[in-house]
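These notes open a run of structures that come right after.
Below, chain A partners chain B and then partners chain C, in two separate complexes.
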Partner chain A sequence: MTAEYDVEFVEREDRDARFLVRGVTPAFANGIRRAMVADVPTMAIDTVRFVENSSVMFDEQLALRLGLVPLTTPPEGEFVEDDTVTLSIDVEGPATAYSGDLVSSDDLVQPADDNVPIIELKDGQRLEAEADAVLERGKNHAKHQGGVAVGYRHLQRVSVVDDLPEFEEQESQIVRGVIEDDGELVPTSEFDHDLSNRYPGKQVEVEDVPNAFVFRVETDGSFTVEELVTRAVDSIEARATELEDAVQL
Partner chain B sequence: MELRVTESTENELSIEIAGEDHTFMNVLKGTLLEHDDITAATYDVNPEQSGGQTEPILTIKTVEGVDPLEALEEAAADVRGKTTAFRDAFEAAA
Partner chain C sequence: MSYKCSRCKRDVQIDEYGGVRCPYCGHRVLLKERSRDVKEVGVN
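For the complex of A and B:
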């Protein structure tokens, strides 16, 4: 049985995208979504050695904050689980320590954003620490989630059935997501999510298109959306291959 | 992924698939049900805190003359086919 899929991008940026997939079963769509959230490994700081911490916060609190800083994750195959990358930070007050102050020992593993505040340091306070980042999966800790907002909705087909009766006032009809109008894909944000804006004086019918899902994927900057989706699919494929091999024995 | 057969007759198979969760099991179950010679496919998984059986158990029933284990192997190959097709379609659009 070979499946036929059709993918079309609706909106697209590095970290944020919306794409339509046709011909996908709900089970498979959900498998991909779950894999994106929990099964694609990303780098994050896991161990911190403090050299000096005279800030107002405890070491543990800062360690958690450092862990939550998204780090760029190297291409597949460059790292395996259990490999570590060391990052160091040294900031003296009065100043705010930002994620951009982290100095990495590896070019491939850098803070994804430079403007994540870690702590505000007053005069005479200092933060100096060394941290080890590891590759782990979102299943183990939320800091390893590559996909931060991942979901899907049915594609909705809108068709005009009739004109509205002459003296009837049109009620607003809110839909969210992406609609299909005569084969054209329109994000609902274009008409303020209200069908009465797009079809004034018309009676419309909305129906879910079977097996057509619009995915909305946002990453934390560890990698691009494309990378996240392909790695999620890879992880499902790896498990299918493993099962096939295990059954054959 | 460790497999352990918990029950096995000619047309019915219960198998524990250790280390998996809904992510893969539901995809697998959905794929199994697409086959005409599989009459029933389901999986059961308990939360980690429940103690007892926490690994998913997959149960497959097939029509007369079809080995459930072979059906499972076929379904695993189907999942692989789906992921390959999905990746190709995605990369073509990207």
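For the complex of A and C:
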């Protein structure tokens, strides 16, 4: 892989972003994707102690629901893998217990969203539990996946070849992702994914730009997209260094 | 083992030879009470 590469954001929000990476091989692009899904440690509930559960659901079902509540992950260095943080919940019906009812012992580890429903409690029902959250990786359990929707596509270059012949009806030509048009990056959603809307009466040619990939990354709220990508790349670097050291021995 | 009568809601202890019947109201439907111990569940 060449050392020269370039990153450009197409859309950028805290939890959802689309960015273009140029100058990386398909193998490296896939390596980043896999690292984002499986190799970035995040906090998630791993053990639940039920003091009282008079709801209609079994303890095990509620424990699974609590395990899937995304928790904010502290900055690197604050925790090491297998460190635990305790959270507690105590809700009495009639009410719905939400993720926002979880009270954490550490300010750095909080539910990423307050509105994830856990259980609807009827009159007289009560849920009281204590849970331990641990720092683990997505490859151990899906609840530890920070990146929930991570994928990439080739950047597509569109060039106008010719005018459409007279009396020929233009057919729709669907593309998805981001196109490059005269050096400008255009999300296909801007023209309803149909090139005939953007280039009426023109014949166009679409080709993949070599070694240019448009990543679409969405996180579960454990951290921002920027943080997820940086940590994923750091994990690849750490493993590469480990391999290099092992080979030299 | 502690049970609760589904009709009179009283706590009932059933013994091995007495059969399943509430000693207070004679009802035959008894509900098993949840243990008061803290139960630990792993999320796997």
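The definition used in the following text is that the second predicted complex is superposed on the first by the 247 of 249 C-alpha atoms of A that agree within 3 Å, B and C clash if a C-alpha of one lies under 4 Å from a C-alpha of the other, contacts with A are read in each partner's own complex, and residues count from 1 in each chain.
The rule is short, and it goes like this: contacts are C-beta pairs under 8 Å (C-beta built on N, C-alpha and C of every residue); 3 or more make two chains touch, one makes a residue touch a chain.
Note that the structure is a prediction, hence the values are computed from the model and not measured.
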Report for A:E8: first if it touches chain B alone, second if chain C alone, otherwise both or neither. first
First (chain B), second (chain C), both or neither: which does A:H141 touch? second
Touch test for A:F50: chain B only (first), chain C only (second), both, or neither? second
Check the residue A:E237 against both partner chains and state whether it touches chain B (first), chain C (second), both, or neither. first
Of the partners chain B and chain C, which touch A:L127 in the superposed model: first, second, both, neither? neither
Partner with the higher number of touched chain A residues, chain C or chain B: B
First (chain B), second (chain C), both or neither touched by A:V40: neither
Quick one: classify A:A63 as touching chain B (first), chain C (second), both or neither. second
Would you sort A:V247 into first (chain B), second (chain C), both or neither based on which partner it touches? first
Contacts for A:I119 in the overlay, against chain B (first) and chain C (second): which applies, first, second, both or neither? neither
Can you list the chain A residues touching chain B in their complex? 1-9, 19, 21, 24-28, 30-32, 34-35, 38-39, 226, 229-230, 233-234, 236-237, 239-244, 246-248
Mind listing the chain B positions that touch chain A in their complex? 1-3, 17, 20, 22-24, 26-31, 34-35, 69, 72-73, 76-94
Counting only contacts in the complex, chain A reaches chain C at residues 44-51, 53-54, 59-60, 63-64, 66-67, 141, 143
Quick one: which bits of chain C touch chain A in the complex? Just the residue numbers, please. 34, 38-44
